[in-house]
Amino acid sequence: MFAYLVRRLLLMLVTLFGISVVIFFLLRIVPGNIVDILFAAAGYVDPADKVDLEKQLGIDQPLVVQYLHWIGGLLHGDLGYSYVSEKPALQEILPRIPITARLAGLALLFSASIGIPLGVISAVKQGSRIDYALRVVSLSGLSLPSFWLGLLVLTASVAMFGQMPIFNANPRSFGEAFATYCIPAMVVGFRSSALTMRITRSSMLEVLRQDYIRTARAKGASDAAVNYHHALKNAILPVITVIGIEAAFLIGGLIVTETVFNIPGVARFLVEAIRWRDYPIVQNLVMFIAVVVVFANFTVDMLYAVFDPRIRYTD
Amino acid sequence: MADRSDLVLDVKNLKTVFFTNSGLFKAVDDLSFTVKRGETLAIVGESGCGKSVTALSLMRLVPDPPGRIVDGSVLLEGTDLLALNETEMRKIRGNRISMIFQEPMTSLNPVIRIGDQIIEAVRLHRNLSSREAKDIAVEMLRLVRIPEPARRAKEYPHQLSGGMRQRAMIAMALACRPALLIADEPTTALDVTIQAQILALILDLQKELGTGLVLITHDLGVVAQAAQRVIVMYAGRKVEEAGVEALFAAPRHPYTRGLMASIPAVPAPGVAAPARLNEIPGTVPSLVRLPKGCAFAPRCPLAVKRCEAEYPPLTDWGGGHLAACWRAADVAEVA
Amino acid sequence: MAAIDFDVELRRAGAHATGGWRRMLFMAQRHVLGAAGLIIMTLFVLTAVFADFIARYDPLTVDAARALARPSWAHWMGTDSFGRDVFSRIIHGARISLAVGIGSTALGGTIGVFVGLTSGYLSGWVDLIFQRVSDILQALPLLVLALIMTAALGPSLPNVILAIAIPLIPTVSRVTRANTLALREQPFVEAAKSIGMSEVRIALRHVLPNTLAPLIVLATAQLGSTILTEASLSFLGLGIPEPYPSWGRMLSESAAEYVRTAPWLVIFPGIAISLAVFGANLFGDALRDILDPRQRG
Amino acid sequence: SEPKQGGILRMYHRDSPGNASIHEGATYSLNVPFMPVFNNLVIYKQDEAQNTMDNIVPELAESWAWVNDNKTLTFKLRQGVKWHDGKPFTSADVKCTFDMLMGKSQQKFRQNPRKAWYEQVNDVATNGDFEVSFNLKRPQPSLLALLASGYTPVYPCHVSPGDMRTHPIGTGPFKFVEFRANESIKLTRNTDYWRKGRPYLDGIEFTIIPNRSTAILAFVAGNFDMTFPTEVSIPLLKDVKSQAPNAICEVEPNNVSTNIIVNSSAPPFDNIDIRKAMALALDRKAFISIMFEGQGDVGGTMLPPPNGLWGMPKEMLQTIPGYGPDVNANREEAKKLMQKAGYGPEKHLAVKVSTRNIPVYRDPAVILIDQLKSIYIDGELDVVETANWFPKIARKDYMLGLNLTGNAVDDPDQSFYENYSCGSERNYTNYCNKEIEKLFDVQSQETDIAKRKKLVWDIDKKLQEDVARPIIFHARTGTCWQPYVKGVTVMTNSSYNGYRYEDVWMDK
Amino acid sequence: MSKMLLEVTDLRKHYPVRAGVLRRQVGTVHSVDGVSFSLGAGETLGLVGESGCGKSTVARSVLRLVEPTSGQIRLDGEDITHLSKTALRPHRRSMQIVFQDPFASLNPRMTAGDIVGEPIAVHGLATGQALEARVAQLFEQVGLRPDQMRNFPHQFSGGQRQRICIARALALEPRLIVCDEPVSALDVSIQAQVINLLIDLQKQHGFSYLFIAHDLAVVAHISHRVAVMYLGRIVEIAGKDELFRNPRHPYTQALLASVPIANPLAKKLAPLVDGDVPSPVNPPRGCAFHTRCRFAMERCRTERPVLKGNEHQVACLLNEGTGRGQ
């Protein structure tokens, strides 16, 4: 087990290193840099100023040097300075993380707490009207562009309550907290709950065909015991994987949702930073997201071992 | 069939079909038999002839859809199982009637400890504390000769070898001391040396508990060693039934006879070159398009016109030796 | 025992549906939703192919005089602020959206299959590298990658397709790899080896065809999500640019300004997107049921 | 009713400005939130809608005078004014500010987009702590107009340009509190403001909402007291009106012209005939009707009257090719020119129309392409990301570009020099006509307004006839606020100058 | 033993068990651990043993479908253990394999005709009409109708599928056919058909079979000589009659005693051994069977017996290496 952990961590480091290379050089391939943008915003460029500025920001140096500089800093906890705001990147990124984390957490929670039970019901009642209805609803969840769903929710909220949930970093009341976090989380979670439901359903169907389910029935176990005790315990494994993968996809959904609901989280910030070619922000944020995703995958693997006694990472 | 009170199981005209997209599968067709207390009834026949479906029908576990028991009655200690509702049936399953499945590898829930799976079986039918149930579980494991039962109870199925898993299955099936145990090919997936151990174990326990046993197999050797009475099935139907000695001494149905002849035996000394086996030509018919008459007729060396037109009735040839063959009388002569 | 109508039961099980057409009809009945999905998809594909004949107006012609017309007989879905016929734009938009959907799925799928097959077949170093690369691609969120790609390449149809295709590669290659590894152990592959067949030929003739079914299912599901990704990219200003009438852009741009004042500008592209994605998913689901041998009843 | 003290004005912001330093930016995204932090020497009267010379009032200066044959502009400065950090304001600050703008000081701006405004200024001299003079190379009456722009705040000497980008210090009615990129900007009342009794508001809070529909919804729902100024498009205005009928909305020109930049240094547009044909093919009315439902203005370089001070009269405008009312006739003529250049129904000219990936750029480009179809030009839209737009234009890597030009001050000096003088950084088209350039100087020195106007009209007409940078239209946009917000003035010939907000108050 | 078709000497196949940070090998699965045997032309060698004892691994190694860890495989006297893939190709024609599972052995997406024709096509032995004719001939040879060539595997019954597999193996006219449990998955009544077919084919063509099964009776029926494997090793090898008449290894005896005899009057089953087969990862030291052997002596725990004897070889320390007599 310990050896396995170390090995996994090493692999994770390799992956993260790879990501750092990819993201760093990918960004440099993207035409246009912060200097261009700054001058575009000003509508003019004085070549001398441009050179000065490039020097000042250090983007005149060879890429490899820049890369080593970045990684070196990263290892010391120094993320550099945002080109745009000129504040330490860490200071820009850190306060936004809890916001997105809360959203993502709530969305996952929502997705699991809706998706899993509905998936079980749908599988148990396979072929029934309920099954069809649930499948159609979940599919419509998957078919709505998320910005569109978000806008609909906002419009409906204004039309019905004359109010719009506007982000408030320090909600004063439950209502505000609900509006700030839960509604957007539900919009994001709706889509992934549809996914969770589908995967739960197919996983359950698979498990329900297994011999040991028949054994449980032969013991005289009730339907509920068979479905939830014997079947779900086995069916949950692929669901965990999907929820883990969802964690990565969630970031994409959050970019859009944070934009629609105007939530100052990391996802939207990332898009802005890409637009501004604010490399220190983009690089570090992407690295942060990658770390989260990689750890999410790792957690999923660990959860697997918890839920499935057959998996005991001994090697 | 003298003493009715001694009957654990009385199956009459059982008919189970499958509605599939290639047609109607008559998996079990008009099957009747009885099992006495402490008796072992073997059901033999080749793959797909309806042995497992028979077992599942007794348990009322035929998957629906596509399967359905469409006719007959199953009297277990006098109660017609087919007339019970699902809740009542659940009280009987695992309690008065229980079953050991073919695949010990897949028939145990991989994510639940062995002990807990047995405990569940006990507590479903006995009003016991979990402590007491646990003791019973360990006791059962000891009974099926699993070494260190208390430790093994805490293990998961994958930590056990195939033979041990089958023992655990047996422990689970017998935990409530059922009146009838159905063992559906309990040793097919195991090696010969392990098979011998498991068979001996089942028979011992059966004797000990006085349970009626339905032993399903396709291995005539196993039948000969274990059963008192035998049913031979072919394409969903019972084609022959007899006491084990009578059957082996003088099979009345050409299929039974062919089967016995085609099984390779450990050879008698002195035969140098490999000898051809007696084979039954042709293939097992599909259960959808069964011939109108005797299903075995196309492969039968004795087949006559009548066989193709009319299904032969089960006839008693004396001493409870039943066979369904127009030419049953000639079989013995030919053999 | 209740009387059982054997004929009804058999009909329900599809026993009467033998032979080509009747079988297909039965499948359609059994998988009503899947058939609906197939019909939707087919309609969209036909629409895309015959857009020039179906559309009643040029989708790009601007006409100030008829701007923002409500849906009417002349303009079934109204016109946009440029006076362009929304119906014609949606019809032509089918081309774009399907080009994005099918194009990126096909591109990502093909590369993914190649990578997965090679990786599963060669194992060793190649496999290790491919797997790390796909780890890397997978840890970069799809939308982020697409964002950077479109930013890098500029928003044009091929670039958007490429940007959406790349994140598909790791998913597809993983599925292919897993299947390949499983198939390599199959006796029929060993049999092919034992007759002295070359590895490449085995991979192409024995392994690939047998991984196709799950891949087709995956592809249909991905098809829907690529269309949605394009819409999201459009919303973030990085989708297919004007003048191509992509559904995503039609929706995201008019959603901002015309939800209430000219709702037809929002509703129809919205329906088109959802319907296409819905159709692809329905069809994909049914395909999975049909192609998955374990699902057969 | 009497203005009331108090309340925080909540406004959304369309876009996160890169930094907080007005001098380093060229977008009113900076002016709106940060003008309230500063004072100028002089300023356009904030409660007058039209910026004119007559509406310029003193601010940090108490008075000004033109001396030395109109070659020196002297300001007497207000005394007792304090920077927000408590340091006293003196003439040194003024000198520092303009020296830096002219690139003469040690410290440098990261960018200095309006350096050209001070081309004619020799130096800025102080005379004691409270007097400064601008010494000019030649008379330039409009310098005062430039100094009155919202783009020309006075910066403190003792704060570095870098700090001004992140934490601006001014003398204005509001103090900077915080700026969270992509999130919010907060200002609070400067209790020490030199103008007694002002500002009325306790503070201003901007919430940055780049997504327009979200922003408008939030305004409609009452989350904001005011929209971002001049950001409400005509269709959205209708939306606001229908949902919040009480809201007050004004639609005014913002002195931003939408124009076509033509790369005349490379084929095909090095051919004047093709340029002319293109100009003739424009149907400006159609643009305006599509983009603004009719509420826009046709004009030349200068914003047309009545809102604009320098625009050509209508009659004169219509004599310019392409401005005539008969679009079809114009296009017939255009076709002839095209045929002369070798194109026709069989041989179309393929052209790329480059523009930025923003609707206000893209939409007119789409219309343009459609209109060019009528004269055998097949346009293809080439959408360029903001980051690449300017380098691309600078490389002359385009044929036609659709561009927006905002004029900070409704004054010919600002527009002409910046956009049309040879070698100017922002002369994207490299249009260079020495004769016209001479005329620029002539009008610039002219002190008689009427005469100057004539000169300006002639220049403007010539520029249009040369198809240097055909102006398509001048846009109008809306600003909305809740009925209880009072004292808001939306300026009608500039969108850069009216955001001091010291007169705004809330009646609630 | 001069004219041997196949000679296997001290064959070993070890699979590494990897673990740890660097995926270092921490253990070894001793799937096959020193197996030697030879097979003459026209001869059938039966190989029996419990599940997991390495029978299939021997089969695969002989065909070089897995690379043996060590040892030597000589086909017709030529060492093929280390031949390259290309050099091996011509030899592939001499040896073919039939697998246990007739369902998984056939590519579900190819027609039966294509499957059987594939080896011929791959070796370029025939094309077009000739190929078709040859396939038809093979079909007839294994008792299938040539018109079934166009059918797909799922349209055949289990026995028929195994015939297709046999036809495919015959296509290259090999001299050695390795049969890895070819009848285990078949119905009892079909099993006899396939065994008879194999016997008939051998009579016609003089093939050699390496015939693997776990059913002693089946092996006994078809083989000339029988080898018994236990945990990766051959523990006893002898002529069929000799082995059944006079099994010397306690394991062979247990196997024989465990086969249920299809005669109700015969002696009832008495399991001769207890417990399960040990794991091949950590095979017991000494004699691998000592953990289950009723006759295990102290010596068995430490000393590993080797095969001894001439015609009847046995690896047992009892009776000075001759095993336990009957």
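For reference, chains read A, B, C, D and E in written order, and residue numbers begin at 1 within each chain.
One rule holds for everything that comes next: a residue touches a chain if its C-beta (ideal position, glycine included) is under 8 Å from a C-beta of that chain, and two chains touch if they have at least 3 such contacts.
Because the structure is predicted, anything quoted here is derived from the model rather than measured.
Student: Work out the mean Cα position per chain and let me know which chain is farthest from chain B.
Tutor: D
Student: Between chain pairs B-C and A-C, which one is joined by a greater number of C-beta pairs in contact?
Tutor: Per the contact counts, A-C leads.
Student: For chain D and chain E, let me know how many angstrom lie between their CA-based centres, rounded off.
Tutor: Chain centroid spacing, chain D to chain E, equals 89 Å.
Student: CA centre of chain B versus CA centre of chain E: separation in Å?
Tutor: Once rounded, the distance between the two centres reads 31 Å.
Student: In whole angstrom, how far does the Cα centroid of chain A sit from the Cα centroid of chain B?
Tutor: Whole-Å distance between the two chain centres: 54.
Student: Counting only residues that touch at least two other chains, what does the list for chain A look like?
Tutor: 31, 151, 155, 259, 275
Student: Mind pulling the chain C residues that touch 2 or more other chains?
Tutor: 151, 255, 259-260
Student: Provide the list of chain E residues touching at least two other chains, using ranges where the numbers run on.
Tutor: Not one residue in chain E touches at least two other chains.
Student: Which of the residues in chain C end up touching chain B in this complex?
Tutor: Residues 1, 4, 6, 9-10, 12-15, 17, 26, 297 of chain C touch chain B in their complex.
Student: For the complex, give me every residue of chain B touching chain E.
Tutor: 46-48, 161-164, 191-197, 199-200, 218-226, 244-245, 248, 258-260, 262-267, 269-281, 283-284
Student: With touch defined as at the start, can you tell me which chain B residues reach chain C in the complex?
Tutor: 17, 19-24, 65-66, 68-71, 82
Student: Which part of chain C faces chain E closely enough to touch in the complex?
Tutor: 186-188, 190-197, 201, 206, 209-210
Student: List the residues on chain D that touch chain A in their complex, please.
Tutor: 16, 18-19, 24-27, 108, 110-113, 115, 162, 165-166, 180-183, 207-211, 213-215, 217-218, 220-223, 243, 385-391, 394, 425-426
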